[in-house]
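Chains: A, B, C and D, in written order; residue numbering restarts at 1 for each.
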Amino acid sequence: MSSVFEAWRDRFERLRANKLFETAVIAIIIISALLIGAKTYEETNRFQQWLLVLDVAVTVFFLVEILIRMAAERRLRDFFRRGWNIFDFLIVTASLIPMDDSEMVLLARLLRIFRVLRLVSMIPELRLLLVALIKSIPRMGYVALLMFIIFYIYAAIGSFLFADIDDFLWGNISIAMLTLFRIATFEDWTDVMYATQEVYAWSWIYYLTFIFLTAFIFLNMMIGIVLDVMQKESVQMEIESGEGEAAELHGLRSDVRELRDQLTRMEALLERRS
Amino acid sequence: MSSVFEAWRDRFERLRANKLFETAVIAIIIISALLIGAKTYEETNRFQQWLLVLDVAVTVFFLVEILIRMAAERRLRDFFRRGWNIFDFLIVTASLIPMDDSEMVLLARLLRIFRVLRLVSMIPELRLLLVALIKSIPRMGYVALLMFIIFYIYAAIGSFLFADIDDFLWGNISIAMLTLFRIATFEDWTDVMYATQEVYAWSWIYYLTFIFLTAFIFLNMMIGIVLDVMQKESVQMEIESGEGEAAELHGLRSDVRELRDQLTRMEALLERRS
Amino acid sequence: MSSVFEAWRDRFERLRANKLFETAVIAIIIISALLIGAKTYEETNRFQQWLLVLDVAVTVFFLVEILIRMAAERRLRDFFRRGWNIFDFLIVTASLIPMDDSEMVLLARLLRIFRVLRLVSMIPELRLLLVALIKSIPRMGYVALLMFIIFYIYAAIGSFLFADIDDFLWGNISIAMLTLFRIATFEDWTDVMYATQEVYAWSWIYYLTFIFLTAFIFLNMMIGIVLDVMQKESVQMEIESGEGEAAELHGLRSDVRELRDQLTRMEALLERRS
Amino acid sequence: MSSVFEAWRDRFERLRANKLFETAVIAIIIISALLIGAKTYEETNRFQQWLLVLDVAVTVFFLVEILIRMAAERRLRDFFRRGWNIFDFLIVTASLIPMDDSEMVLLARLLRIFRVLRLVSMIPELRLLLVALIKSIPRMGYVALLMFIIFYIYAAIGSFLFADIDDFLWGNISIAMLTLFRIATFEDWTDVMYATQEVYAWSWIYYLTFIFLTAFIFLNMMIGIVLDVMQKESVQMEIESGEGEAAELHGLRSDVRELRDQLTRMEALLERRS
């Protein structure tokens, strides 16, 4: 019984490592993405029956594929050890939710969209890119916190002063933060300013200091990240090439010291004889 | 009497250095920030009594906290020597202003918002970040002055030529500078241009030269700052690592020169004997 | 017969290499560009006859010029080996399409515009610039793919949720991608958001996460490209200058080792005699 | 007679080099700038008499100042050799134009605005900054030309296709170029696109390719400039510090070679004797 099981596992393992199988999975992911896109066109309503069949086929294929990959592992725990496997597993199981209820149809549809993300887990270059992006998040942490504090203070001031002028833009602190984000993207910010200037003529100070502060911190953050990355790169390069030069120099010096010792011995010999 | 006083000071000092006390202060700052945010929601009107109580509690806590930190110092002067202490002291005393008058309520509220800034003085990483930001201001000084001169000249031209066309945008030189800042952020700048083009068809030259000049100077400023920071970093690195290599080389050379002297002595010995 | 042909080919070759001929070609390209520009002014309608004559003259000139360059080659295949020649050939032949039909007039006109691109193939500096630009495309490849996946997912979600709110902006997945591109350029994005917020109050999350994601990836892409270019430059510089220093160090070390061998021989001589 | 003249010239020279005199000039420039600004306020109409008097005073002061600087030179030709002197001379003489005619008043006013630019020629740091800015223009030359070609081609296509849809935006090639510049700044570009999409549904390709091309070339230009500046800086640094290290290495090697010659001589001595 066990040998039959192992023979199957070997087959699954070979299948998983097969380049053709990988290409097929990527093709199915792209088909699944096109399917989702096609559904958004009203003209495809008359092919709805076909789309549904294709959708079920894709779902079944993904289920089979992940089961094959699970079966290919020696222990099921190994499968869940790699983050990308958990990522795939969640996406596939999420799209298995039945869609009877009309409310649920929308949710099921939305969950199926995330299948496109499986492209990222299938293509190694995209995987590397995403890992690099995620790694660059923490170094923005404290700057993001500082930015949030500035947004919070300005939003509080804004909603205290301007709430009576325009409730839609400055009604409460969270609405005010959204309005401030809009101002930070320069989106019709003068309209917002002109409205408040009618009551508080000096309110341009509020907007200009906010724009300068956020732009200034953002600029500094960008430069900081560039320098941070560059410093790491140069340390890397030093280990690879620079260390070699330093080692060479160090070796040279000990060679020269050996020469001196040899000379000292020879001089002693010469002096003894004379 | 004095020993009682000193015993208390020691207690306060230990309390100030206590990690738990610090965390508590940060928690209270966050609560105070949330309190300020909560007041901007109309739904919180029925909890107004509670909010007021909490507000007073926070104010008292901050007062006690700063008094503890003052008492922990050997002399009161030492407390005011550190900039961040003065920063905290001003924020706390400002929020003590009584709020009887309706006009004063607004001011008192605004002053309380700045309590959120105490987060910056409490978290060392944010403190470092802010110091770094403040340090980067002077190197922008002369570029900012040049930018201001360009804004001033364009604003003067703008208000001379276009004041009759649109008094709201070009009425006087300060309004014109605000309009120019709006144009520099690309905010509906074409609307401003099309309006003046109806009278002065060639006014697009005014707008395009302004946009090119400010963008060009801004770009150069950014590149300048990046290079400035990088140069400082590389000088820093040279002191740390490069100096080592140069010193190594210098040492090597003097070693080799010693060898020569030794050889010269030996050669003289040999020649004398032959 | 053949010698006559060869004599002509030599003449064409000399003509092609002639600096004056080159300048004339550039001048004609600029005239052709101005001609195209002039036709867009309604005031030039009464010179239409003259413009037509000039247009034919320019077309004939370009035809003759490319024939001369073809005739100057030893074999016609050599002419088509260089990419820029194919580029010129396509532009010139495309503008030879007869323009009888009114529909064709528009197409012929459009094709003639691309003659301006011949400036790029004529000026070596522009040619170098374009080659550099084309070379920088592949390094953006996978980031562009990741960006496309994000756009696709957001567009699918957008058209599922918001299609009923605004068919013009979110009607199907391709319209939604255009709307998302608009949002990525901050173009009146708040209008789009406020419209959907009336139905889905929480839809600001959709917009903010999208803006942060695209801005974040774009920023990382930019930094990545800068670092990529810089790394290549530094490798280049190492080959040019750094290698010299390393070689110098290596030579020094082998010199010192030779010294040691010499000294060892001498020490042996001295010891044998004592 | 000549000695009297020379005594005066010395006095002028000392005055020109006087720090107080320089500060006074800067102060007068700032007053002149404020005067220009003040005139744009309608409230200042009743002080018009005073403003006129002040204006004349400033004009006279500038005239006297430039005459002093001229008189301080040994020969008048020396004065016009420095670019900044010509710059000052033009600004001062331009503001001397009489303003009788109402038309001329406007021109005279505009010319007076440029007096603010004298701040740049007076403050050495601003002078350095401006020289650096002017030096950075040529390295943008060919990229600007390429950008212009792209704008020209797109403007020609735009005015051919869209002139009938919106004459105000696409009427002729120069208007179309202005519209394209507006699109490049993302200023309400979707409004322009939606208008043309009603006739040519596929016109989004026109806008998207244009935006990608200009953004792409602009990005490359920026990176190119940064790298260009950095390369120059690193060459500079190599000359200053790196050369020292290379020279040190070179010296070391010739020292070691001298050692070898010495040793070879000694070995010959030893061998001769044995």
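The working rule: a contact is a pair of C-beta atoms (placed from the backbone, for glycine too) under 8 Å apart; a residue touches a chain by one contact, two chains touch by 3 or more.
Values in this document were obtained by computation on a predicted structure and should not be read as measured data.
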| item | value |
| --- | --- |
| Those chains which touch chain C and also touch chain A | none |
| Chain B onto chain C, rotation angle from CA fit, given as a multiple of 5 degrees | 180 |
| Averaged-CA centre spacing for the pair chain D and chain A, given as whole angstrom | 41 |
| Interchain centroid distance [CA atoms averaged], chain B/chain D, Å | 29 |
| Set of chain A residues in contact with two or more other chains | 186, 188, 226, 230, 245, 249, 252, 256, 259, 263, 266, 270, 273 |
| Touch-based graph of the chains, sorted into line, ring, star, complete or other | ring |
| Listing of all chain pairs that touch each other, if any do | A-B, A-C, B-D, C-D |
| Footprint of chain C on chain A - complex, ascending | 33, 36-37, 40-42, 106, 109-110, 113-114, 116-117, 119-120, 123, 125-126, 129-130, 132-133, 136, 178, 181-182, 185-188, 222, 225-226, 229-230, 233, 237, 241, 244-245, 248-249, 251-252, 255-256, 258-259, 262-263, 265-266, 269-270, 272-273 |
| Of chain C, residues touching chain A in the complex | 142-143, 145-146, 149, 152-153, 155-157, 159-161, 163, 171-174, 176, 186, 188-190, 204, 208, 211, 216-217, 219-220, 223, 226-227, 230-231, 234, 238, 242, 245-246, 249-250, 252-253, 256-257, 259-260, 263-264, 266-267, 270-271, 274 |
